[in-house]
Amino acid sequence: MFAQFMPDRDPVTPVQHLAPDGTLTDGVVASMSDEEALDALRWMMLTRIFDTKAMSLQRQGRFGTFSQVTGQEATIVGSASALDPAIDWVVPQYRELPALLRQGLPLEQFMLYFMGNPAGGQIPEGVNVLPIQISLAAQIPQAVGLAWGLQLQQTGGVVVVYFGDGASSEGDFHEACNLAGVLKAPVVFMLSNNGWAISTPRHKQSRAKNLAARAPGYGFPGVVVDGNDVLGVHSVTSAAVARARAGDGPTLIEAITYRMGPHNTADDPTRYVSEGDLAAWRPLDPIERVQRYLAARGRWDDTIRARIEGELAREVDRALAVARAAPAPNAAQIFEHVYVDPPATLCRQRGARLESLA
Amino acid sequence: MSGAAETVATSSAAATTMTMTMTMIEAIRDALTLAMERDERVIVLGEDVGVLGGVFRATDGLQQRFGDKRVVDTPLAEGAIIGAAIGLAVSGLIPVPELQFLGFGHQAFHQIGQQVARFRFRSQGRHGMPITIRSPFGGGVRTPELHSDAFEALYAHCPGLKVVMPANAYDAKGLLLAAIRDPDPVLFLEPLRGYRLISGEVPTDDYTVALGLSNVVRVGDDVTLIAYSAAVQLCIKAADVLAEHHGVSAHVLDLRSIVPLDVDGLVAAVERTGRAVVVHEAPRTAGFGAELVATIQREAFYSLQAPVERVTAPDTPYPLGGIEDLYVPQVDDVVRGVLATLER
Amino acid sequence: MSGAAETVATSSAAATTMTMTMTMIEAIRDALTLAMERDERVIVLGEDVGVLGGVFRATDGLQQRFGDKRVVDTPLAEGAIIGAAIGLAVSGLIPVPELQFLGFGHQAFHQIGQQVARFRFRSQGRHGMPITIRSPFGGGVRTPELHSDAFEALYAHCPGLKVVMPANAYDAKGLLLAAIRDPDPVLFLEPLRGYRLISGEVPTDDYTVALGLSNVVRVGDDVTLIAYSAAVQLCIKAADVLAEHHGVSAHVLDLRSIVPLDVDGLVAAVERTGRAVVVHEAPRTAGFGAELVATIQREAFYSLQAPVERVTAPDTPYPLGGIEDLYVPQVDDVVRGVLATLER
Amino acid sequence: MFAQFMPDRDPVTPVQHLAPDGTLTDGVVASMSDEEALDALRWMMLTRIFDTKAMSLQRQGRFGTFSQVTGQEATIVGSASALDPAIDWVVPQYRELPALLRQGLPLEQFMLYFMGNPAGGQIPEGVNVLPIQISLAAQIPQAVGLAWGLQLQQTGGVVVVYFGDGASSEGDFHEACNLAGVLKAPVVFMLSNNGWAISTPRHKQSRAKNLAARAPGYGFPGVVVDGNDVLGVHSVTSAAVARARAGDGPTLIEAITYRMGPHNTADDPTRYVSEGDLAAWRPLDPIERVQRYLAARGRWDDTIRARIEGELAREVDRALAVARAAPAPNAAQIFEHVYVDPPATLCRQRGARLESLA
């Protein structure tokens, strides 16, 4: 063929540490201790419980439009747990709840946000996360700038930025990766390839067999990992974080996973997702996989499950109670945090608005 | 709607007989179907417009009917959707791209304002741009961040583009058909809150409503309310309240498009009462209301008995759903604006 | 400039003694140098800002002086430049990105209007955005296509942003220092035609000119001319012609920033004469002039003796250099606008 | 290493058919006949003569800001000459004069444009080119849409879109390549890597050793070619055009060349280009290389040169005379071709403007 750079004919085999049956791949040393794996499992299960709860609240009109993590927990938790929340940052898209929680965001903040209360957007000081990003891919250059700033100030911090297979088609993805390559910025690009962008299947999103194949075009490595394998994701992310921390620059990680629910609560996936596809992915569930693994190691059984599920359900209820107890949002919040030093015209608008509602 | 008779008069189908009750989204879908049926060159493209039929179902059924070569699910990249539409137009087709929400038109802003709008000019007439960009916009239904913004003023400031903003189902169909058949590029903005809430009698036939003609939707004597898109409904409701509770007779004008702007209709509507209130969802500063006020004060200066009032959102970002009703103008706000204007 | 005394009064350095004649570009470079010297967190980034010192030399010498970690040549991607600036700000730095021309800000529009402008709001105060985006804009010097557009109105319609537009060298320095030190994001627009043509006495010391205070640059009685950026010079020249050839005494107000807008200064200036003409380079429809007229007609309604006139470019794309002088308002156009206003 | 996709350590060896001394690479069959090579040479020389002339006019204030092709002629002419102007299209950036001319754009149009006369923007019916693009990379998705349209209408046409190494960092490049890959659009992405984006050197533009390495990330091939070798460029472009025409989709071609002059007439490259770099590239001149090749084949000598140079100089003078004879631009042109059906407000503005100038 006439070209030096040829596209792959087939997807590569993803890195996998934990097989669907919960056994470790031959020759692999587990990237987490049992304690760490249990901790990861808790975040995954918490998210799943929250998803179910929030979905039912949404159906009753008591929660806004939101996107579940269901099925993708290993991708998010495996990667986030490679970070040191004290110095590292998480830059989310919108489907990364457990990563935000692990960084220290109170669950009730997240709930408030999706209940439509502006106060929910508040990120406590010291919690190293950016706000949820609705404008797809816009967060990616922001993450690069943040990593660049950490590098300039020699904090030792690393940024993990999340985005979907859909978002990876946006120009911002490209501009950000290219800039990060040039700067050798300490950033990990975490592409959650969950097979769909709303109704658009992965194969209509790009003809590339693997999206990680784009990394060499920016001068850094790309890895494909089984996104339903928390140990595998943790391992490649840890390696990428170490690389970044050492000053060797970015990595693009493509985690192959599957969105097991609707795009969000406003979506009807039966219009485009086949039951067959869902059936094929069900046995690959990321939570059950770790449970099998830990069970085989004597660290998981029905008693432990019952205890932990109880704890997590109480945590969700607690957060919900806090969120519900928050003061109802009010008109003054429209004007808060827009400027430090608001224009006089805006102050007048504020006065008029509050007066008219009084 | 009292303007219906006038509406039909300005439309291309004089003797339409069959009508059906349609929601705005049905009227839009009907227009797309007719446009595609009548002209093979019309092609629909965008995120999730095919198999899913659009997140609001505006394009539902079109792919089944016209095939996946003419109704195309694109990758997730607004700049490429609009950029590609330009090339499709150059090749001789009539693209009708969809922006899933106007809030994501910003990603394509360079392709819309600088490219689509100027291509005919840059090629000195060689490459026309018969593109109609459809997009839902506006608030009121608690969508997530950035989904509810009303950015019409930004596009109205891009010479070469037309900006059409229907307020009811009849106009949605007739204006969309006119837009698709217009040789100039049109940004066609659909009030997402009205998709299912606003409905009316719509002829099942093919008809167009001419771009650039406003519509008097309520005749009144004391004050003129001026709006476009969903805000027209707000003004009609405010007119009801004003009549019922305040003895005020409000004249309501639906602009239908902001580019072209029907200056004559606007001036006539204002001169009738000598007082005017302009209503829109977008923030006040540099919103399209400013253009309306500036035009009115110049062209109807000597008949104005009070300053023209603007009822708009404040100059802050669109907030989360929990307080959006305190942000986006409500019927009460329009009423208050009118009463203030009458007192001056 | 007759407003100089007033200018100094609003600035932070009361007792500045040393001054130098500087062009606008020199004043801007001087401000950047001082800002970087005084605050280690200030970092300059953009296309060709480093080794070359910017295509207009605004950043000339900065990289030699402050090193290539603080003055950074980026890849060619405006969205990434602004997006990265957001991240840099979150990390605790004070980025001063340059857009090589405002015409290419469209590529970053989503990062500016939706992200920079809203980040503080979206994070409810956690992540402030002390970013100053500098960009040359405007016509008059026969630049290639898309280099000469005046897009200020688009940005003025993005809540959360401030838009500062100096008209002279003194203000360029003082306003830029104020902008960089302002905790809110500022779009700082520099009239490229004025870079070398406009010069004046500028203190060599550090001083700021407060954002949001307009400046009376000429006192007059018959009509008020309102402008910002390079159009202020146009108004001053028109005032000369009006005085000399038409016996008209024009009052000239330089707004200096359009967000914040000095409504009190504006109203006072208009009330003084009862007649006003607003001048800008951008196309008429939905230009910032509309906002000015709308504000004036509301706040100074009862003192207006004639409709406020707008002298602007027409609603067409910026043309090629050979006819730009027929497109962008000239002194004659301002004079004509004034005479028409006096006749009404 | 942990990654399946690793960046190249070194640039690949570009495809080369003609060595700098004008000899054919062993085993290569010339991709052009002597007649074709002579024709290509004429376009290259015409451009060089135009560049010199226009630069001197610009210095006298009789021509606007423009960008020379000098040094890059083989990239532009080698690729454009792979097209059939009757059905294929050229979508330019701004530095591709000979490609536009070969498609049929009259030289005087181009001149008028750069003299600031809007009439210069007029593209005659039947000349398959888009306008010069100043907004970097904006033309790339447009070219993809055009190719898509040609494909849908089964015209058999192919689009070649030009852009620089700088423009390849823009999001539009990425979005366009990805869309083209999905559609298998008949488009050739021609990246003129001339080492610079104004003052920004290639190595600060991206850490990728080759920009063509990005193609596999979109599911199609990427080729690197010696951009100063007209036969090599012609050969790879012909192959890419054939691929596209056959329905096999896009190709990304990276032509390695060098900008031998300033970025444009407003630029002072002595501030950032070293004399050493220029000295290294001078012996690689694309025009002299073809001349040596043709001379060795008995198709080039000083007599032929003198004749052709004379013809070309006369052609430039002719076009210049036509451009100069064009009516001076007038205010009415501000309002022409903005809309087919202009808003009434604009008609009034037109009336007022013309009256005020009368």
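Each chain gets a letter, A, B, C and D, in the order it is written, and its residues are counted from 1.
Everything that follows uses one rule, which is that contacts are C-beta pairs under 8 Å (C-beta built on N, C-alpha and C of every residue); 3 or more make two chains touch, one makes a residue touch a chain.
Remember, it's a predicted structure, so these values are computed and weren't measured experimentally.
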item: Comparison of B-D and C-D by number of C-beta pairs in contact, larger one; value: B-D
item: Chain at maximum distance from chain C, centres defined as averaged CA atoms; value: A
item: Chain centre separation (chain B, chain C; CA means) in Å; value: 32
item: Distance between chain centroids, defined by C-alpha means - chain B, chain D (Å); value: 41
item: CA centroid of chain A to CA centroid of chain B, Å; value: 36
item: Of all residues in chain B, the ones touching two or more other chains; value: 75, 77, 79-80, 103-104, 106-107, 110, 114, 121-122, 145-146, 159-160, 259, 261, 285, 314-317
item: Junction residues of chain A - those touching two or more other chains; value: 118, 121, 135, 169-172, 174-175, 178, 182, 204-206, 338, 343, 345
item: Residue ranges of chain C in contact with chain B within the complex; value: 103-104, 106-107, 109-110, 113-114, 117-118, 121-122, 145-146, 151, 153-154, 156-157, 159-160, 259, 261, 282-283, 285-291, 293-294, 297-299, 301, 306-310, 314-317, 344
item: Interface residues, chain B side, partner chain A - complex; value: 47-48, 51-53, 55, 73, 75-80, 103-104, 106-107, 142-147, 284-285, 314-317, 319-324, 326-327, 333, 336
item: In the complex, chain D residues that touch chain B; value: 118-119, 121-125, 130-131, 135, 138, 140-150, 152-153, 155, 159, 171-172, 174-176, 178-179, 182, 336-341, 343-345
item: Touching residues on chain B, where the partner in the complex is chain D; value: 43, 69, 74-75, 77, 79-80, 82-93, 95, 110-111, 114-115, 119-128, 159-160, 162, 182-184, 212, 259-264
item: Sites on chain A touched by chain D in the complex; value: 1-8, 12, 15, 169-175, 178, 181-182, 184, 204-224, 235-236, 239, 249, 251-252
